[in-house]
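One chain, subunit A, links the two complexes that follow: it is found with subunit B in the first and with subunit C in the second.
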Partner chain A sequence: MSTPAATAPAALPLASSAPVTGKALSIGLAGLAVTAVGLLISSPSQVALSYLVGITYWTAIAIGTLLLILIHHITDASWSVVIRRQWEHWLASFKWLALLFLPLVLATLLYQKDVVWPWMNPAHVMHGHGTVETDILYQKKASFLNLPMFLGMTASFFAIWCWLSARLRQASFTQDTDGNPQWTQMNRKTSAFGIPLTALALSFAAIYWVKSLEYHWFSTMYGVWFFANCIRGALAVGVLIMLWLWKRGDYKGILNTNHLHSIGQLCFAFTVFWAYVTFSQYFLIWNANVPEETFWYNLRELNHDGSISQWKYVGFVILFGHFFVPFLYLLSYKHKVVHSKIKPIVIWILSIILIDLCYNILPALKDEHGDAQPFLSLNLLWVLSSVVGIGGICVWAYLKSFPTTKLIPIRDPRIEECITHHE
Partner chain B sequence: MPAEPYGLIATFETAADIYHAAEQVRDAGYKRWDCITPCPVHGLDKAMGVKRSIVPRISLAGGLTGFCTGMSMIWWMNSYDYPLTVGGKPLFSPMFAFPISYELTILFTAFATIGGMFIVNRLPMHYHAVLKYEHIRRGLDDRFFVVIEARDPKFNLAATRALLEQAGGLAVTELEA
Partner chain C sequence: MSHGSDQAVAAPAILSEVKPAVLPRPALVANNRSFSWITEKICGIIEEKTPRWWWVCFGVACFVASFTVAGLTYLVSTGVGVWGHRNPVNWAWDIVNFVFWIGIGHAGTLISAILCLLRQKWRTSINRAAEAMTIFAVVCAAIFPVFHVGRIWFALMPGYLFPFPNANYIWPNFRSPLEWDVFAVSTYGTVSVLFWYVGLLPDLAILRDRFFAAGNKFRSALYGFFAMGWRGSNRHWSNYEMAYLVLAGISTPLVLSVHTIVSFDFAVSLIPGWHTTIFPPYFVAGAIFSGFGMVLTLMLPLRAIYKLEDLITQYHIDCMCKITLATGTMVGYAYSMEFFIAWYSANPNESFAFINRAFGHYAWAYWIMITCNVITPQFFWFKKIRHNTALVWILSIFVNVGMWFERFVIIVTSLARDFLPSSWGYYSPSIVEIFTFFGTFGVFSVLFLLFIRFLPIMPMAELKAVTPAADPHAAPDHH
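Right, the complex of A and B next:
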């Protein structure tokens, strides 16, 4: 490691705040309010599962951000130093996400035990299976799938993410003032234990929050699938922040074509990774053809009378939209580096991640025949209001943290290498 | 010395010198010329006006060939030439053909990339005129060279020499073909 970048202009002022900060908060609160109004129109389960899509979506993006920072430190990366600072600001959303997860827990504890997760109520009637209590598949999994475990685990996921975020942010922000390379060393150590901790937490979060909605099902790929979406979301948000700061003028003279090329390559790589994992999950289940596993996909393809479910088309949208479109589009160098070309594809990726989460979560809502409730329904409105609501809070948390430090970590040992980044 | 030399070689002492010289040679409209440097000089490709390589296109063609080979091979073997039902699955499905097609996509992409790189660089090349230049080894150490080939349409012995000297080139020398 070289000496602290003492030559960097220490007089660089704090980043100037964005006038939209307050607006983000209002939009967020409005979205949450609309979701609450949904309770008057749709059933509590419909609103709660739609809200679960929203909270999982933004938590995934925050987890991806945390992982990218951790990977940045463990690999001693230089190209990403400037964008790392923005990801650090994004981590400010974790404590709000923890708070926003509470309504689901409270609804379960105070209102109805199976409002979101059917297995939380032993008397919950399974379609054609008796109750959860008498279900052998539940009994075998009961030591894992029980309320105290769920609550304890969920609390520790957020505790881990918030604690790691606080450590990374504090070290990086303090380095701005004292320029001590010790902070970089400390963050590298944080990453060494932070990566496995975060990986375990996100895998178990995916299992508890999403996969357990159909607790009969198992897939060893589930945590990895969730991880792929986390990283893809964080990269897309990273690109949007880069473009925003460039357009506003902050990043002039800091960002060059190669930064976008590098992050674009990662967007491309994780497109392939997502496809690899998602295909593997589908292929193994398709090939083995075991009813305990295939029912999960059957539910998303056919209704009980053999008619085609809307979710089948959603599956095709995910196959083509989440893999083929971004894969073929991002093959081109130009599409990664021209601002007007990379912007639509990252927005597209962010939208398809949402549809992917809908595909995984919403079919847990059944109609009277045990079929999945259709994709195009009022539920979609509550998904959108939750996403806007929680997203508004996350963006507000980011924008509130943004002007508290300098725009880039000016005294990071790798900052010069980053600003002159070349492919 | 033969009537037609291979070209002219000029020496530069710093990366900054060769960078600016490259800009001048580029702006003078030369097409068949090159820079020899002991280390990568960031931005030199732009200063030389070099376009992005066509190798990625060759890679893409290789990848598509590999994917189609995998799919058609499995369809031909399992469903057409010797129809065989395995595990109650259809005779052909892109599902089970996918892993093989995916592997062949990667394999053929790798072949096309390496092959394309060799072809575009005209490798293997056992002889090059600059190897006869007595100081060329310093191009591996501490000197930078610009070589302009005689077959460039704009090449003119006197004018090109003047350009290189004006760009700051030292010891401008004719290269034997």
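Right, the complex of A and C next:
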């Protein structure tokens, strides 16, 4: 292990990521700028809803990353030590995500209360109903669905995630220099309380940010659905980083086939888990056929005038794309370990998670916005620009953190087991 | 096409800086026990003269099991009216007991298969007993759906459980998850037996050879018959490993689906408190929780009686306690989410169902459930408690009790206060139900006692594989 080969390709200089870092920032800012331009073209509410897709998408991936690190520590895993370091860098995106959430808050506070969430404005006229204020269902939930609670809870979510991230990163990075095993123990303890905290925070984030867009609707499974997407996104990002670092040369001699096989197996497992959760939710609602629950799906299948909504087909895309395609594809060993084979499927998974979030967010207000058709509408452009913009900032945060530490946690107690990882 | 770095790639410079901090993993077999010690220890349990405690336990277990026999005999000879079911509670202890036992049954295979897929080597000390527990629990569970029809010959006749046409062209309702249960549980039972049996093969062959060497031809022939000609050749091991992995791969989704279908028994309905979308994963988490509770209940006394501390180490107990804590907390999350969403839904029936659970006539049952399932596992946060074996055992009993009450609370409280206040009632079990359920612990114990007397309680080869001696690359203190 500690024998440096004379002919070994040295790890690339850490600063070699600098040009990419700059590019990521430029792309991020450009994406955000395009989204801002959207305000001049589309209604602010539509742009804000598209932006909500972007911020939820990247926050979900960051939450998944945090969870994977927490699970790594609590299970004393060894195979993932190397990739854990990259996930730790990815956690640097949380503070920027918190900052990037602010436009939605400011727009709500300063511009229009119901720019995104209708229930924030008591005078908001519900499509086909009275106002929010007079809505008995809102009145019953008002102690939970109100602006101060929303702001306080959202701030708490980000505070929890940022605090846990900072603890995990500091302990891991410091261990590189002093080699003290107590940092590993500390991270294990952080994970023990961090997992329930993160689980609660992500569940309520999903309820506040996404589910409450249609506050009449309810499902106990929603937090679990969001959790499944978080983990799938983080695994996919993890694979892409592994491949990128391999291509750069950094990971040559560090990663082996079994690392990809293991992470590929997790991608497969969580594909099944996502399908399990999503199917269970759909099936139980469909089977019971109670209007106060089925309307959420009906809204996505039918337009207000009774015609078939394009969202119905998006639902099919999700059914096949989010489950059947990755499920069948990842059954193969080769597809999990060959770089050129695993790369397209994780990109596919990342794309479908985005579509899944669009499906959960955008149709909520489609009738109110008079925008029944999801495809080829301008909304799609603002969704893409938001995703690119916020994603660029996240990648930039990652790349900025990347050169600040060793490429791998050289003093981690399980690093040797990781490098020699085998079945 | 680029693979990982299995091809010869020179090591990068950073590897020269790798200097791991020292944090040894705990030994999975303590005191550096040798291969022969493991064989002697496990086989010795079977080969020794039947100890007196075993006979005493067996006698007591048979006596307790007779309560089930008596209860069922009375039921069949008299009719289902001898149970306490009355409108509106037409489902009660029968399905409560079924779900309780099937939950434990699901957990055993789930524990064994999932830990196998996750390459958790500490499973080797508990997986055999957990799998045995599964099969015996499924036997106990099956009693209730079969006998709840009263005239059990109908249960097996066409048109009731199994889908054959009969003279009246009555078919079971295929849209009912209860019918899916018939297929799911029987498939699951079959795969669980296979999974358990495949794992037993190498150990049965060891017993065959040892009994042969000891001159006990009958037992040697018996074990030899079930060992199916196992000789431990390279090909045998290779096929065995593949078969075991495939069965683990099949078992995992199967067990998830089976317990999901059990949750569907309730969740597909419109009964407040039953119809909630989180039921499937919540039931699965509950099954793992109750399963680890039962494994601790069973294994800790065995550990003490047979002095298995070197095989079921403190690390094993720690792991089981921590998983019990994790799954108990997941169950707590589900309880909280149900309660919260019942309020958030603003549906008065849903809200009432949950408030009634917590503060109504059955509040005592609800708070027993919360205490046992949510509060009790929180004690496992503390190392001191995890290291106190007697206390862990007591807490594991609480988990078992709590999981029975969970099913009771879900099923009975919702039915007792259904949509029609004029029909509300209060269910109490009859003595026949109490006898029948009490006796199933005897049935389970009889089977488990027979298991520890006649079959190796731990997989010897797998245990040896996790000793330091089995790792040719390991440093002396590495496993």
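Heads up, the rule we're going with is that the second predicted complex is superposed on the first by the 395 of 423 C-alpha atoms of A that agree within 3 Å, B and C clash if a C-alpha of one lies under 4 Å from a C-alpha of the other, contacts with A are read in each partner's own complex, and residues count from 1 in each chain.
Quick note on the criterion: a contact is a pair of C-beta atoms (placed from the backbone, for glycine too) under 8 Å apart; a residue touches a chain by one contact, two chains touch by 3 or more.
Keep in mind it's a predicted model, so treat the numbers as computed, not measured.
Of the two partner chains placed by the overlay, only subunit C lies in contact with A:413; subunit B stays clear of it.
In the superposition on chain A, A:287 makes contact with both subunit B and subunit C.
In the superposition on chain A, contact of A:333 is made with subunit B only, not with subunit C. Residue contacts after overlaying the shared chain place A:140 against subunit C, while subunit B stays out of touching range. When the two structures are aligned on the shared chain, A:153 is found in touch with neither subunit B nor subunit C. Counting the residues of subunit A touched by each of subunit B and subunit C gives the higher count for C. Looking at the shared chain after the overlay, A:302 reaches neither subunit B nor subunit C. Overlap of the subunit B and subunit C interfaces on subunit A comprises residues 283, 287. Contact residues on subunit A toward subunit C in their complex (touch as defined above): 1-5, 7-11, 76, 136-137, 140-141, 144, 175, 179-181, 183-185, 192, 195-196, 199-200, 203, 207, 218-224, 246, 249-260, 272, 276-277, 280-281, 283-285, 287-288, 290, 292, 337-341, 406-408, 410-416, 419. Remark: subunit A residues 279, 282-283, 286-287, 289, 331, 333, 420, 422 touch subunit B in the complex. Residues 1-6, 9-23, 25, 253, 256, 260, 264, 267-270, 275-281, 326, 329, 333-334, 337-338, 341, 344-347, 381 of subunit C are the ones that touch subunit A when the two sit in their complex. Of all the residues in subunit B, the ones that touch subunit A in their complex are 42-43, 52, 56, 60, 87-89, 95-96, 98-99.
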